[in-house]
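Mind having a look at this structure? Questions to follow.
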Amino acid sequence: MLAAAFADFMQQVVSGLASGGIYALLALALVIIHRSTGVINFAQGEMATLSTYIAWTLWANHGWNYWLAFPATLALSFAGGVATHRIVIRPVERGSVLRIVIVTIGLLIAINGFVIWQWSGEPHQLRSPFPSDVLDVGGVAVSVQDLGTIAVALGIVVLLWLLFQFTKVGLALRAVAVNPEEARLVGVRVSWMLALGWGFAAMLGAVAGMLTAPSVGLDPNLMQALLIYAFAAAVLGGINSPVGAVVGGLALGVILNLLSYLSQYRFFDWFSEELRLPAALLVILVVLLVRPGGLFGHAEVKRV
Amino acid sequence: MSPRVTRAVGGLAFAALVVAVAVLPAFVNDFKAQQYAYVAIYLIALLGLNVLTGYTGQISLGHGAFMAIGGYTTAILMAGNEQFGGPLGGGLKDVWTLPFAALVAGLFGFAFGLPALRLSGLYLALATFAFAVAMPSAVKRFEEWTGGGSGINLFGTPELTGSLTNVELFGWELTFNDWLYYLTWTVALLAFAVAWLILRGRTGRAFRAVRDSEIAAVSSGVSLARYKTLAFGISAAYAGVAGGLFAIANTFVNPDTFPIALSIFLLVGVVVGGLGALSGLVVGAIVIQFLPLWAQGEDLGALLPDRIIAETQKPGGPAIVYGVVLVLVMFVIPNGVSGLFHRAGQLVARARMRRT
Amino acid sequence: MRTLLELDRVEARYGPVQALHGVSLTVGEGEVVAVLGANGAGKTTTLRAISGTVSRSGTIELEGKPLPRSPEAVARARIAHVPEGRGTFVDLTVEENLRLGAYVRRDREVKADLARVATYFPWLAERRRQRAGTLSGGEQQMLALARALMGRPRLLLLDEPSLGLAPLVVRELFRVVRELNEQEGLAVLVVEQDARAALSVSSRAYVLEVGRVALAGTSAELRGNESVRRSYLGY
């Protein structure tokens, strides 16, 4: 009996890590952009949706091999992110916060509209990169899909970390996040570094979308809920902390899944599937109002 | 322009607006009157949001939620018991619910404004965004009060003026839409006047001081906490009134009546209209009501070739237009339409100076 | 001695406020030149005009060729600007700060230079992995200097290096500057409020007043002239 309960529990943890990994990717995208350009990109979700549609259309409509479409989408998303920064964000970066918020919202509306305009609002099916087998690991039923998602998510995070820590470009990116004026003085082309940040963020969003779409179906609203979860993860971890984004995402995924699992027991029976999103929203509100810096961030010192 | 001239021009403009509002229904059909009624509703909400964002510099992506609070207050007071056995009894005439809508929403605004003091800029935007997205779920949760997913229907109830028979006003007979038009615009013009009074006095100066420099404001003795939460409360109260009128205009409320898009459009309206200046807000309200329609090719359709119209009318097309227009407006007129008027006024003044 | 850097009637403004009203000066190869004057005289602005961090008009030539206007290009031209307040990347380690100094270089000798730079600042080697923000003010200033050196610059722009530092540290700092100048042939344009310290290492100096050059001469002349010292240099 206990073993069965434990197996169930572990199953929830694993699938929580998988969904959490996806939240972590999108949260990381948000954090990279906020850290470097100080912008909260409300359009991050829609950009990821667009990337996922591109992957789908290459594979479904143009007959590309999925394993060709995947990296091609990543490359296109990267380019798209860079272009978005150069064309849309750079002119308003130094302006008022309000202006930037409206611009990213305009992007959100326009991109969402474009997706519907180009591919209609009907749902489509994107294949998963992983087979749908289920493994038995010590009595726990674990889907290959979940394991694969965790592996890909963590793998990308590690690759990105290696890039940031050990390459010249990574060093320059970090320098720009710490002190852009200084970075200019040592010769870093700051605005291109910022554009690169947007490129990486777009790529992360694309992966998140491609990992999520196979299980929930591809439609224009794909990332809307996910964006909220990503915001919650980023805020929980600390909106300027990449580590926080990853930890926050994984934690959020596991916690939400556990709440679902525990709702079969009387103490937690108030929790239902439809409360997942409001729970995430509550996390955002509570963290922002109690400890705006999140777990790993320094609270923005608001003097006065 | 000297302050006296500015005020005189402003007064004249306001008078012209009142006259225009009064006679407009005679020239337009019933449906258009309803659309213009919505413009008045948005104007009221924008007046409030302007106090928060234009005057104290706090960004809110959540004012649709305050509208929802006001709207549901109105609906519950009007329909309450009769409809679904709610706790309040109901039966209050629509117009008399508005002060309550303002009060309840205003209290929520105060309550939100207190912890929000610790947040600035983007963080506040995010928090209010979360608040607005969560509102429909919260509404569904408190079913006994709000009617849950099916909401509250006001159409055909005696509390809703004009829904059963036409309205008799000063010997004139008005259809529901015309009555709605006059109701909303009367409230809007009143709200406008109240806002003007609040903002020209000490409170307004304190608000502006907070926006321009919090540090300077504090050292001049302006209590940040008091004025920032006051601004939240006032702006929420305005949104509450707008929400109440929105419920009346829609003749029903349900969780989908006040989606996150509404909050977004309100912020768009106040930014495009121009922060701080009351005049631009009328333009902002017009933009909220009509830009989505213009994006679909209505009204302005005659100006563009058919092929383009056909493309933009496909689903998703209007949204692309809307989004792109939004971004372009932020590039070209970052201070909104009233900023444009201001610039024009400056250029005129400068030209006049050069001539003398 | 060849002229390395020449400014001819350079003007600069911050928005509507004009800070430089036509500054002309030269720096020769391997020379140490001081720019002195009171607060607000335009000393920092002069350096900013050179490194491109403020918009300017007028001519600036490096070895006879016009100097580019963007900070990135100026860095590539091997002019290192150590700004007021050190400008260290506080969240990065000492070694990362140093590597950033070499950002514009494409050669393979960066690693060797890390060792070479450590000879001037021996304590840097042990603190390689320490977060720059945890260093003291004096150490951060030395780090900034070391970082500038990593770029193998021809000209060093030093902005108020003594700011906020104890006199002993200031002396050590200028000793290092002199050593760098003598050993590496590094030309230095140093802006200072501490005229005495600056004049102890420079061969020539300019005194700025309200955005213009009020006085120029060799350091010996300026040091020796008592009325000049009292009215312009404050000692």
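Order of writing sets the labels: A, B and C. Residues in every chain begin at 1.
We adopt the following convention: contacts are C-beta pairs under 8 Å (C-beta built on N, C-alpha and C of every residue); 3 or more make two chains touch, one makes a residue touch a chain.
Bear in mind that the values here come from a model prediction, so they are computed numbers and not experimental data.
Enquirer: Counting C-beta pairs in contact, which chain pair ranks first?
Expert: Highest contact count belongs to chains A-B.
Enquirer: Report back the single chain whose CA centre is most distant from the CA centre of chain A.
Expert: Result for the farthest chain: C.
Enquirer: Could you tell me which chain's Cα centre is nearest to the average position of every protein Cα atom shown?
Expert: Measuring from the global C-alpha mean, the nearest chain centre belongs to A.
Enquirer: Centroid of chain A to centroid of chain C, CA atoms only: how many Å?
Expert: One centre to the other, that is 44 Å.
Enquirer: Centre to centre, by mean C-alpha position, how many angstrom separate chain B and chain C?
Expert: That pair's centroid distance is 55 Å.
Enquirer: What whole-number Å value describes the gap between the mean CA coordinates of chain A and chain B?
Expert: The answer is 33 Å.
Enquirer: Where in chain A do residues touch two or more of the other chains?
Expert: Expected reply: no residues.
Enquirer: Spell out the residues on chain A that touch chain B in their complex, using ranges where they run on.
Expert: 34, 38-40, 42, 88, 91-92, 95-99, 101-103, 105-118, 120-121, 220, 228, 231, 235, 239, 274-275, 277-278, 281-282, 284-285, 288-289, 292, 300, 302-304
Enquirer: What does chain A use to touch chain C in their complex?
Expert: For chain A paired with chain C, touching residues are 168, 171-172, 174-175, 178-179, 181-190.
Enquirer: Chain A touches which residues of chain C in the complex?
Expert: Chain C residues touching chain A: 51, 53, 71-72, 75-76, 80-81, 83, 87-92, 96, 99-101, 103-104, 147, 151.
Enquirer: Considering only the defined contacts, which chain B positions touch chain A in the complex?
Expert: 53, 59, 61, 115-116, 118-123, 125-127, 129-131, 133-134, 137-138, 214-215, 218, 224, 264, 267-268, 271, 275, 314-327, 330-331, 334
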